[in-house]
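Listed below are the structures to be examined.
What follows is a pair of complexes built around chain A, which joins chain B in one and chain C in the other.
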Partner chain A sequence: MSYPQPTGSGAVLSNALIFRLRTELSSPGDIYESDEGGLALAIGPDSDIANIRFAYFDPQSSTLMTTGTFSPQRAFVGLVASQNTADYPTAKRPGRILFWADDIYDPNYVPSGAAPGSTVQFIPPIFDIVQYLSTPTALTPARPDKKYLFQNYTTTYFVVPYYGRKYAYIQYTNRNATNPSTYGIRGVNFAITNSAGPTPYHQETTIVAAAAVAPNASVTTVITAKNQGCFDCLVFQVSDNPGPLVVLMSDVDQG
Partner chain B sequence: MTAAATLQEAAGSAFDNLQVWFAISNGQAQTRLTAFWSGIIGQFPVANVPSRPIQNWIAVLAAQTTQIPTTPAHDLVSLDAAAQVVYRLCWNVSDLRSRNSIDAGQAAAVLAAYNGQLAAP
Partner chain C sequence: MQAPQPATTFAESANQIQLFTYTTRAIPDTQTLYNADRQWARVTLTLTTAGPVQVGEKQDLGNITAGQGVSLQTGVPVVLDVARGNRIFVVAGAVNRISVVVAPYPWLEVITGSVMRLVSRIVGS
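For the complex of A and B:
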């Protein structure tokens, strides 16, 4: 982010009925807080992160801290209070509501087999949550479909967040009239691993093996949770020819 | 296992390091993690607003640490939960340092505490 982050009390003071916290993740370690209680917690419409972990001050817990998760499939409905004048006892830190991405993200990831000199570009995941400061009238579970359009490439690989998505429609066309271009897709599930080490633990699944695409030829791919699986991100391998690439992803499995 | 040279390396090695302590049945995981967060909490006082994210991670880790069973060893759920928090805490310190939100001494203290308490022998 974006630290210092906006505050829940700022939303209350401006008479907003929600506190929305939307930001690019600046690192896998981002953690955010709210100093206001709310009546529901839900994923925001722009979130690439599918699972959000939250912690709150709970007098019934022996640690006075209870945690939970909300996702596109399950909002958390009910009063969650921020106890700004009480401390989480062990660490003596104020009892605010805390939020962080429960999905793993590794900006140091390098695709296996990448040739020396290859470049990797990340689309940073958006972290988007909504804290309802009044009773929500409806909580729509799924996120909207998300569509990316890429056309020209200055990088060998680019990484698109795919957390929690169940379906993708992808179309690529080589618009170089004379030369073939390289194109491939793999799905990646991140691990907690040292990406600079000799054998990172990230798991990669080849969806479209990298190969030459003839001038003006197209490759169309449909990814479903049932047929290909679920991934944290999709990694596209491209060459620098002009080539429109559309990626449409959905929470709803269309397969 | 060698000491981590950077906070990002420390983050990435969190699971591998912690599983060694979780495999020892005399409560070493809880002892080590407690020593880790106790050793750094003084670096991040409540009044220091830019370091609030790290204070929050310490609060989460401290609460989790008290819940780690001392027996049986190798509680996989606790190991996974602790590794996730240490991974994120180290990344957060690295990120805040890169933005000059915390100073080099604070970041170095976290790396030293990690290497002193959590890096596996």
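For the complex of A and C:
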């Protein structure tokens, strides 16, 4: 997140009709805020995070705070006021609308069985929300398909966010004319765990077992929610040969 | 014969329509939205953000839930006929935009003055 964080009131002062908060998620504990009321909350088009939790000042709640979730399947429609002039009683902090990822992200994840010296490259998940400052004419919260293309790389593992996705089409080709390359896919569901130690609580599902791919050979894989399951991220194991790897993912189960 | 040229003089300032956008502040205090200190006017208020915002004629509207004013709904114009000497106040819990259109009633001012003169003559006779 760039600092200072963009504000809802800044959006109002610039005559915008929406407040959009789009940032890379740097840690699983990131919490963002809006000091502006909105008539609807929806997932932004670039969001990799599928479920976003929000909280607002609510005098009817014993904790003075009520929470909810919105996702690609369910936007939240209705006035949520920021209540800047109200205070949470013990901390005396002003009322705000708070947002955080309801999906788990572990930037310290290390794939099981990774050899010493292996490198893990994360594609940081994008946290993207839209707060409607005026009446929304239409809400189409489903995210657009997202496509990643990796070409030349020197890393051992790619970790690609897959939160809430239902379908992926993946194609890998070994463009090394003489040597085979290693290639494999696993799906991971993160757990809350001690980031300093090993990560035995994360669940890994082998989708394509790591194996040699012959020169100029291709491997095509289709992942569906029905057949393989749903994952927080996809992990690609590759060797350091040049080889285009295309990953196309969708919220709609094409299977 | 030369054609008549367009008029280059503007309306009297008292008759001019006023259009502006009022931006509320996120403070608990009541703020003055419009001051009709000169003449009668028809004031149209339209909230263009989410709110909540309350407007009223009292100088202290209290907090946003005190019920001392009326709520503006997003995109719904509210028309108020404001007599001379009155004010419109607003309270909001966040920064909000309110479109304000002030259409003066100069003829109403004349009528009011004539009626008052007539009344004073009747009373004085």
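As a working rule, the second predicted complex is superposed on the first by the 249 of 255 C-alpha atoms of A that agree within 3 Å, B and C clash if a C-alpha of one lies under 4 Å from a C-alpha of the other, contacts with A are read in each partner's own complex, and residues count from 1 in each chain.
Convention: a residue touches a chain if its C-beta (ideal position, glycine included) is under 8 Å from a C-beta of that chain, and two chains touch if they have at least 3 such contacts.
All values derive from a computational prediction rather than experimental measurement.
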item: Fit or clash - chain C, chain B, common chain A; value: fit
item: Which of chain B and chain C A:Asn108 touches, first, second, both or neither; value: first
item: First, second, both or neither for A:Thr90, with chain B first and chain C second; value: first
item: Which of chain B and chain C A:Gly117 touches, first, second, both or neither; value: neither
item: Which of chain B and chain C A:Gly78 touches, first, second, both or neither; value: neither
item: First, second, both or neither for A:Ser26, with chain B first and chain C second; value: first
item: Touch count on chain A, higher of chain B and chain C; value: B
item: Touched partner set for A:Glu36, first chain B, second chain C, both or neither; value: second
item: Per-pair minimum CA distance [chain C against chain B, superposed on A] in Å; value: 16
item: Those residues of chain A which chain B touches in one complex and chain C touches in the other; value: none
item: Touch list for chain A against partner chain B, complex; value: 3-4, 26-33, 55, 62-65, 67, 88, 90-94, 96, 98, 100, 104, 106, 108, 191-197
item: Residue numbers on chain B that touch chain A, as the complex places them; value: 8-9, 11-16, 37, 41, 46, 49-50, 52-53, 55-63, 65-67, 83-84, 87-96, 99, 101
item: Touching residues on chain A, where the partner in the complex is chain C; value: 8-9, 12-13, 15, 35-39, 79, 81-86, 95, 132-135
item: Residues of chain C that touch chain A when the two form their complex; value: 23, 26-28, 48-52, 63-64, 74-75, 93-97
